[in-house]
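Inspection log for the structure reproduced underneath, given as structure tokens.
Chain naming follows the written order as A, B, C and D, and within any one chain the residues start at number 1.
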């Protein structure tokens, strides 16, 4: 689960990680009172969206560009004007996709005199089975770019979760980065606090880019990106309220509510599959045979009749020219899937081709249910057959593509 | 650091470990209001002192025995009367020593219908470097007695602190004790909570004896003994207020305040030594040569002039016929010890023999300081010599022993 | 003989009284698997489909000599269940549970590194060996047949797909298993490749990978150096859009880009035949076996 | 050659800018110890008595090749300091710090069990080897002289006492060390007995124990089986009252009663000469060497 910068910074404050003074504004009416609190000097206005590249991205209001997603204002008045102009707009960055992300909140943050910028991240490290801490002097840069061009400037330590953080880890990373001795202990303290946040809130990523030292010698987290492990939200119920669904794809949100995994793509064939691997493979074979998937919806390993029906409804909302259901039953039973399809098709009239391939657990029962339903379902004998049938069906004259 | 039963039970409540309903009374004037709250039925009145054997020990008021330290009352009225009678008395048990312990508080606890009694303890296990959990069906008994006579009835699991508690530990101990299946999960939950308390508060021991199952099938901790690691109190500052110094030996309290380790004994020779091993060895050689130590005071490894002087003052308060200072300087400097002695003797006139043996770090400087002071100090050339000198000095006619 | 399991496999099911376990228990029994015990805390003494229920794995092991545990426990309790199985002393834990918090699994992984118990999964469909007729998991046994091919997969359903194709082409299986789709898992490709390489009954190996991570690249390197038996592979996700889930810092940690193209290139460079589509897995293996 | 330390010992002092460290640093230097680095976080670049200060043990090791760490860090930070030394890669950590919380040490003990770094202490006076003139700690070197006796002790000051007696009687020492007086320590009696047994320069061993625990009993058993060199012992606390500190549950866990009488009996049953008083340690060793 992703959260906004301002929410991440609130968590930083709670864990004692230094951040600059800032105000969140949701409603233009709040700008007046906030304006009274802004002290003279530079303030930075930042659109709060779930996407990177805000500084280069532009905010549009009614289709017109009104400014960038991050803007520096020389004084409070200008800051308030900028905030007013972008609130309610849509931010378009390289990460947002064509639709952009709604700017429902802005963060107005006090400007600081930066002496130097750093990069700091904590992340679950699959390969080393630990929490890896990555630090670099190349703050403010895209870290993948740094990894490619100056890999020696990324310093990493993997914390064994059974041992936990020890103060020398941050100091050693600081020494490797060439920090001045007086900056080492406070740097390590920040890493320690972020590690505590990571573990306590079941994070999957904390990224601070840039983490800066001010001309006054203070460390400050100028940006903050935190994502949480969805699987652990049950033990951090306070975090669920931080979720901002307006930042996500509506169909993905709907699928997630039904505990389904949904990915939207660019083509015209809907794919309803069980298992991520089979879903990807189905997409691969459709492409191989000249078709183009519109999405894939993984009904997962615990599908019930209800959520198969639900999946099918979500799929129909996403404009598609045909649907391929490809299920190999293991824990999922083919008869359950068939019953879900029949149920969904009792509600809506099917006006596009539907190819169904069932195999494995309770296949015969499933196929019989489909046959008995009398619905215009095309059944396939195997995966290639099914892919071929749907690709052909979606190429018929009168259909797109 | 030891705490009272009622304090331990308050911690149990805080961590979700079930205990019976109870009231603490400090002042007889509180008995009236508490009496209004007591529901009809059996109540148990328990003297709150830092010592075991309360049930068999007797409370004395003005030298007269008024009852046992734990008494069962058939109704609230009798409970209030018992509480009133023992409050302000002195409890004498096999563990309190001759002086007894003041009964400044009583706990009035609701009686329960016991179906079965168990023993449960968590303790730092040196040998296995973990937290050992000990459980036994022989609740209410002295556990050392059980260990001697029925060792097979004590079930132990040592928790690796890097891994922590897992639910099967309590279940396995429960299965070994032959618990009914429906009691296993709640039993494990209690062990889990006590483990959390142990780790969070840096305990060195938690002992619940008895832990009972009531006829209603509920687990309850009927007694509660918790001791904390003194070395970790700095990170549990809230615990320090639980300390009840009135339960400790006054001279030991005074020594502890000066960060000294003091043990009171039965003889007449005071021993001021650095290091626990040397202290015990000094005691051993004094006894071997026919003397009898009154105490030993270990000035530890970080003695300053001030606390050497302080030690000496504490020692003089504890009536002794002579003092043997036996110091082998390592981290402790003999000159510092000598300066402390000279300082202390500047305040009080020494009327008993003082034998000083200095060796090791800065010995010569120390001996010179003593010599230059002109004080009537007997210096010894080695440990045996010193022990011999003090034993002889304390045997002189006119002195005790 | 298969790998990991054999005719001496005696299974205990943790969470045996749950719905999914109760559904799959008779399927495993019908296939021939010896399910000798179940565990549900507080339900000791009950039986489910003739299987005795115990209150802990420790007591199940003591009473039945079970040596493999199959976990159906819900995600919040699954990490603890794995550790219970390890403390209980089984040799292998097969954990089907999906959605275990990743920090729990990091701890489990580190703890198991110091113990003798091995883990398959979590989020795996389990393992099936057609020769001894042992199924520890939920794989659809009707598509399996005994034979010389070992199948290792990151995906559940693709495993079934591959096995069905092999069976269709007359290539039976020595054993097939999913390693699990979670970030932190027990057995990885390399460890299972080593098992199949050492297994006298296995003559060829199918490896089914997918985009993300660098396990396939590591496997390719390992196969080149240590595996003498023919290996064929399939990588799912060739046409997947760049995953929106993998953050940048994650990509830096992993080192590789995790694309199907890179993985296929690594495998082919190691001399491994890669099936062009998921429908060609069986055929590709058959050709490699010639 | 001594044990644990040698002429190649290169010491880093953690907490070098503290008061006690500054007092003992020149004493160690004067004795001949190579103190090549110090560590105080935030003080990197400073020097203390000619010794370069670093910000972490890792950088001290990288820059000076130090291989033994001596810890003078205050108790709340000492456990972390031990782990820093281990992560930094030194071979031996000598921890003088007194009063480390026992739960911290339990964790340290478990973590070090998986690493190559060994620990002496905490709450030890350190180790001193008169031959190579290496002192890592605070032992008063004026009472030492080179020779064939190894001294292992649970008590600091009693170690000095024993060494002074040995020197007085013409018995020099190969090395002497305290194992530390805390509940959880690194090196124990048995491990050090094994080191001395294997050390060609050691011809006899003095073991100084005290009441509590069961280390002396275990040592007696070990000596009987594995130590060929003469060993003499002293147990402090023969006349101590039953300790009020050791709870009942503790006694049950330990198994033994931990009395001096039991320990002396165990040692004598293993053929070890036990000194009757602390003033007889040297004499008893001398007789055993005949």
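To be clear about the criterion, contacts are C-beta pairs under 8 Å (C-beta built on N, C-alpha and C of every residue); 3 or more make two chains touch, one makes a residue touch a chain.
Only a predicted model underlies this, so the values are computations on that prediction, with no experimental measurement involved.
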item: Distance in touch steps, counted as few as possible, from chain A out to chain D; value: 1
item: Any chain that touches chain D and chain B; value: A
item: Longest centre-to-centre distance from chain D, chain (CA-based); value: A
item: Which of A-C and B-C has more C-beta pairs touching across its chains; value: A-C
item: Between chain C and chain A, distance of the C-alpha-averaged centres to the nearest whole Å; value: 28
item: Euclidean distance of C-alpha centroids - chain C vs chain D, Å; value: 50
item: Separation of chain A from chain B, taking each centre as the mean of its C-alpha atoms, in whole Å; value: 56
item: Per-residue overlap in chain C, given as positions that touch at least 2 other chains; value: 107, 111
item: Residue list for chain A, restricted to those that touch at least two other chains; value: 162-163
item: Pairwise touch network: line, ring, star, complete, or other; value: other
item: Which chain pairs touch, all of them; value: A-B, A-C, A-D, B-C, B-D
item: Contact set on chain D toward chain A in their complex; value: 41-45, 55-59, 77, 80, 83-84, 87-88, 107, 111
item: Residue numbers on chain C that touch chain A, as the complex places them; value: 20, 24, 75-76, 96, 98-104, 106-107, 109-111, 113, 125, 138-140, 142-143, 153-158, 160-161, 164, 181, 183-184, 208, 210-211, 213-214, 234, 236-241, 247-254, 276-279
item: Touching residues (chain side chain A, partner chain D) in the complex; value: 163, 166-169, 171-172, 174-175, 181-182, 184-185, 188
item: Residues of chain B that touch chain A when the two form their complex; value: 162-163
item: Residue numbers on chain A that touch chain C, as the complex places them; value: 121, 123-127, 129-132, 134, 142-144, 147, 154, 156, 160-162, 199, 202, 204-205, 207, 227, 229, 231-232, 234-235, 263, 265, 273-278, 280-285, 287-288, 293, 300-302, 327-331, 359-361, 382-384, 387
